[in-house]
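Below are structures written as C-alpha cells.
The same subunit A turns up in both complexes below, where it pairs with subunit B and then with subunit C.
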Partner chain A sequence: MTLEIVKPGLATSVQDLGRPGYFHLGIPEGGAMDRFALRAANMLVGNPEDAACLEAVFMGPEIKFTADTTVAVTGGEMPIMVDGEQQQTWTSFAVKAGQTLSFGFLKSGARIYIAVSGGIDTPPDLGSRSTYPIGALGGIEGRAVAAGDVLPIGAGTAASAGRSVPADLRRGPSNPAELRVLPGLYWHRLTEAAQASFFDDTWTVAPEADRMGYRFKGGRPLELVDREPPFGAGSDPSNIVDGCYSYGSIQVPGGTEPIILHRDAVSGGGYFTLGAIISADMDLIGQLQPNTQVKFVRVEMAEALKARAQRKAMLQKLREELM
Partner chain B sequence: MKTRYTYGGDEHIYVEIGEEMSLEAFFVALSMSNAVRDANLPGVTEICPANSSFQVRFDPDVTDPEEMMAAIKQLEAFSDQAEKRLSTRIIEIPVFYQDPWTHETLMRFRERHQDPSGTDLDYAARINGYDSVEAFIEAHHSAPWFVSMVGFVAGLPFLYQLVEREKQLQVPKYLRPRTDTPKLTVGYGGCFSCIYSVRGAGGYQMFGITPMPIYDPEQKVSYLKDFMVFFKPGDIVKWKPIDRTEYDRIEQEVENGTYQPRIAEVEFDLEAFNADIAGTNAKLMEALNDA
Partner chain C sequence: MAQIQSPLPGTFYRQPSPEEPPFKSAGDAVAVGDTIGLIEVMKTFIQVNAEDPGTFKAYVAEDGAPVMAGDVLAELDG
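Take a look at the complex of A and B:
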C-alpha cells in the first residue's frame, strides 16, 4: 500500500532510529528527535521499534491512504482527525482506504510521530531511512516530504485499533523545562562566574531551533578565561582547534547564545563546548517550542546514569504493556 | 602536549591530545583511536579521530564510564611508542582559484566579512604578508597538505599544510557564518584548508572551487562507486591550479564517468618529515608526478 502527502506541514520527514557508525566521516546518527515517542508509535501499530515513521514539527501534514490500515500518533499534543473525526493521541486507530488523516493546531510539545502499520518503506541509505537533507540521505531523495509525494508502506501485522500508551508513560517537558547537563569537554574555558550564571539564569528557546541544534537566548553572556590563542584555533576566545562534537553538547559561539547540538548536528567544528545534555533528556529537547523557558540543571555522572536507567525501565514497561 | 580526558555527557569520552594543532598531536590522536578500535572494548560504538583530539562514543549500560575512561587512558602509553608512520596516498585536486561562483557568493555576504572592501583572497594575502593574491595562491598550492580530520558535514576534509610552523597560513573565519557556500568550494579557516563537500552554511574564507566531487550519496561518480565519501584522515593532497577551460573539461569528464583523479601510494613518516621537510615533500611530489 501507499500513502499520499496532500499537504506536507512545515518540515515533515521520514525518520527511524538513525544511522550510527558514520560520524567519523561527518555523517550524523540522525533519526527521531524524540526516540521514545517514535518507539511508542511503532509499538502501538505492531511495528518493530525502529521502523520508519513521519516526524512532523509544529504543524501536522495531511495524508491520504490507499488501503485500510492502523495508524498511531505520539509525541506532542495535536488534535488528530480522520475524515474530520477526532482520534485519540498515543492510541492506535483504524484508517480506511480513501480516508484522509489531518491535524489541528499544536497544543503542547513540538514534534509528532505518525506510525503506520508496516512502517514507511522508502529505500534506506547506510542502513537507515532517516532523512538527512545536508547529505541528501534517506527519506525521499534526502529531503522533507512535499505535496504529491507517494510513500510506500511495508507489509503490516494487522494491529488492532484502541491500543494505548498509559498516561504515566507519556513524557513531555515541564514548564519551565529542565534539561540536565553534565559539565565537561571545554568547561574549563568558562570563568567561575560564567559557570555559575549558566545554571542560575533562565534561558528561552530561540526561533533557531531545528534538527541540527537548539539555540537559547536570555541568559547573561558567558565570559571566557583569558588565554593566548592556541596555534590553529582561531582568534576568538570561544574557538578551539576543530574537534568532534558530542551528541547533546552545548557550544556557545562568542560566549553569547548556547546551542545544543542535536540529531542532525555537524560532527565537529571550532567552537568550545561546555558539556553535554545527559542522554536521558535528549528526547525532551525535541518537544521544546521556541519561547519556552528552560533551566539547565547541573548533574554529575552518577545522576546521569540513574536517569538513564529510569528511561530504560520506562521503555521496558512500555514494551510489557504493548508487546 | 598534555593529554586531557573528559566526558561528553554519559555516552562520550573526549580526548584532547594538545590544545594546539600539530602533526605530532594528529599522529597521537590517530594511533590512540586505532588502538581503541583494535582493543575491541565492549560497548564502544563509534571512534572519531580529529585534528588534535579524538572522541569515543560508547554505551554506558555495557561499560561503566569510569571503566571506559580507565581503559582508554591505558592505551596512551602504548600509542606513545607507536610508529608515527602511515601507508597512505597522495591525490592531486584541481582548483580553479578566483572562480566566478565563490566570487558571486562572497560578494553577497560582504557585510559578514572582516574586510568588506576586497575579496577573501585579498584579505588573506594581506594579513599573511603577501604582496599579491597570486603570491598567496602560490603559497597555498606549492606544498602538499595532510587530511587531519573528516567531518563537520558529510565527507568534508580538514587539511593541514606540510610546511614549517612559521610558513603556515592563518586566516580567521568570517565574523558571522554565511548561510550559503557553493558545493566544492576550497575554503580556509584558522590554519586549515577544507573542501565543502556539499552546498550549505559555512564560515571559512573562500579561495576557489574544484570540479572534482568528493561526496556522492547516489554513488554515480566513477571513483565513488565503492563508497560515497572520498577522503579519510591521513590522505595527502596537492592542489593543482587550473583555469576555466580545464575546469569545464574536468567537469565534463566527471559527468561522462571518465574522470580519474591522479593518485599515488606513498609512505609518510613524521620523523623523516620533521628532519627534512623539503626533501620529504619532494619525494611525495615525485611519486605523484610518476602516477
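Take a look at the complex of A and C:
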C-alpha cells in the first residue's frame, strides 16, 4: 500500500530513531525529535519501535490512503480527522482505502508522529530512513515530503484499532517548561553572575528553533570571563579553539541567545558550550512551540543518570502495556 | 463575518516586507487563495492565504506579534 501526500504541512519528514555512528564525520544521528512519541506511535500500530513514521511540526499534513490499515498519532495535541471524523490521539484507529487523514490547529506541543502499520518503507541511507535535508539523506530523496509524493508502506501486522497509551505515560512540557542542565566543559567561561542569571531568568523559545538547534531569548546576556584568546580561537569571548559538540549541548554565541543542539546538530565548531540538556529531557524540547517559556534547572550527574533510568523505566512500562 | 486563523505558531507579519504596504486594507476584495499575511517560523516565511472570499475588514493580530495556531489574524465581511 501507499500514502499519497495531498498537503505536506510544514517540513513534514520521514523519521525513525536515526543513524548513530557517523557524528565524527559530521553526519548527525537525526531521527525523531521526540523519540518516546515515535516509539509509542509504532507500538500502537504493531510496528517495531524503530520503524519510520512521519514527523510533522506545528501543522499536520493531509494524507490519502490506498488500502485499509491501522494508524496512530502521538506527540503534540492536534485534532485528528479521518474523512472529517474526529479520532483520538495516542490511540490506534482504522483507516479505509480511499480515506483522507487531516488535522486541525495545534493545541499543545509542537510535533506529531504519524505511524502506519508496516512502517514507511522508503530506502534507508546509512542504516536509517530519517530525513536529513542538509545531507540529502533518507526520506524521499533526502528532503521533506511534498504534495503529490507517494510513500511506500511495508507489510503490516493488522494491529487492532482502539489500543491506547495510558495518560500517565504521555509526556509533554509543563508551562513554563523545565529543562535540566548539567554544567559542562566550558562552564568556567561564564562569570559567577552569568552562571546565576542563566538559571534564574525565564527564557523564550525563538521562532527560528528547528531540528538543528533550539534558540532561546529573553534572558539577560551572559557575561564571559576576560581572557587572552588562545591560539586558533576567534576574537569573541564566546569563541573557543574548535571543538566537538554533543547532542543537547548549549552554546551561546556572543553570550546573548543560548542554542541547544538537537537531532540534526552540527558536530563541532568554535563556540563554548556551557553544559548540556540531560538526555531525559531532550524529547521535551521537540515539543516546544515558539514563544513558549522555559526555565533551565541545574542538576548534577547523579540526578541526570537517575532521570535517564526513570525514562527507561517509563519506556519499559509502555512496552508492557502495548506489546 | 469570516475570520482568518493562523495555521501554525510563529511571528505574524501584515506586510510582504518592511518597506511595502500591508497585504490588504479595509474594503479590499479578498479572493480564495489571496495572501493576507506571513508567519515566520523555523527561518521560513509561510504565506497565510484566505480560504473564503469576502471583503477585508481589519487585521486582528498586531504586525510582528507572536501568534499561536488558531489565533485570529484578520476578519472579513461577508
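By definition in this document, the second predicted complex is superposed on the first by the 323 of 323 C-alpha atoms of A that agree within 3 Å, B and C clash if a C-alpha of one lies under 4 Å from a C-alpha of the other, contacts with A are read in each partner's own complex, and residues count from 1 in each chain.
By definition in this document, a residue touches a chain if its C-beta (ideal position, glycine included) is under 8 Å from a C-beta of that chain, and two chains touch if they have at least 3 such contacts.
Bear in mind the structure is a predicted one, so any value in this text is a computation, not a measurement.
**Student:** Between subunit B and subunit C, positioned on subunit A by superposition, is the outcome a clash or a fit?
**Tutor:** With subunit A as the common anchor, subunit B and subunit C both fit in the superposed model.
**Student:** Please name the chain, subunit B or subunit C, that touches the greater number of residues in subunit A.
**Tutor:** Counting residues of subunit A touched by each partner, the higher count goes to B.
**Student:** Given the touch rule stated above, what does A:G30 touch, subunit B (first), subunit C (second), both, or neither?
**Tutor:** neither
**Student:** Of the partners subunit B and subunit C, which touch A:Y247 in the superposed model: first, second, both, neither?
**Tutor:** In the superposed model, A:Y247 contacts subunit B only, not subunit C.
**Student:** Now for A:V57: first (subunit B), second (subunit C), both, or neither, which partner does it touch?
**Tutor:** The second partner, subunit C, only.
**Student:** For A:G172, using the defined touch cut-off, is the partner it touches subunit B, subunit C, both, or neither? Pick first, second, both or neither.
**Tutor:** In the superposition, A:G172 touches no partner, neither subunit B nor subunit C.
**Student:** Once chain A of both complexes is superposed, is A:G75 in touch with subunit B (first), subunit C (second), both, or neither?
**Tutor:** It touches nothing on subunit B or subunit C.
**Student:** By the touch definition at the top of the document, which applies to A:A233: first (subunit B), second (subunit C), both, or neither?
**Tutor:** first
**Student:** Give me, in Å and rounded to a whole number, the least C-alpha distance separating subunit B from subunit C in the superposition.
**Tutor:** Result, nearest C-alpha distance in the overlay: 10 Å.
**Student:** Using the superposition on A, tell me which residues of subunit A are in contact with subunit B and, in the other complex, with subunit C.
**Tutor:** No residue sits in both footprints.
**Student:** Going by the contact rule set out above, which residues of subunit C touch subunit A in the complex?
**Tutor:** Those in contact with subunit A are residues 5-11, 40-44, 46, 66, 68-70.
**Student:** Contact residues on subunit A for subunit B in the complex?
**Tutor:** On the subunit A side, the touching residues are 20-21, 23-27, 125, 134-137, 142, 182, 184-185, 187, 230-236, 239-244, 246-249, 266-270, 273, 275-279, 301, 304-305, 308, 312.
**Student:** Inside the complex, what are the residues of subunit B that reach subunit A?
**Tutor:** Answer in residue numbers: 6-12, 14, 16, 18-22, 45-55, 57, 60-61, 64-66, 149-156, 158, 160, 165, 168, 170, 172-173, 189-192, 197-198, 200, 215, 217-218, 229, 232.
**Student:** Within the complex, which stretch of subunit A touches subunit C?
**Tutor:** Against subunit C, the touching part of subunit A is residues 10-11, 57-59, 105-107, 110, 207-210, 289-291.
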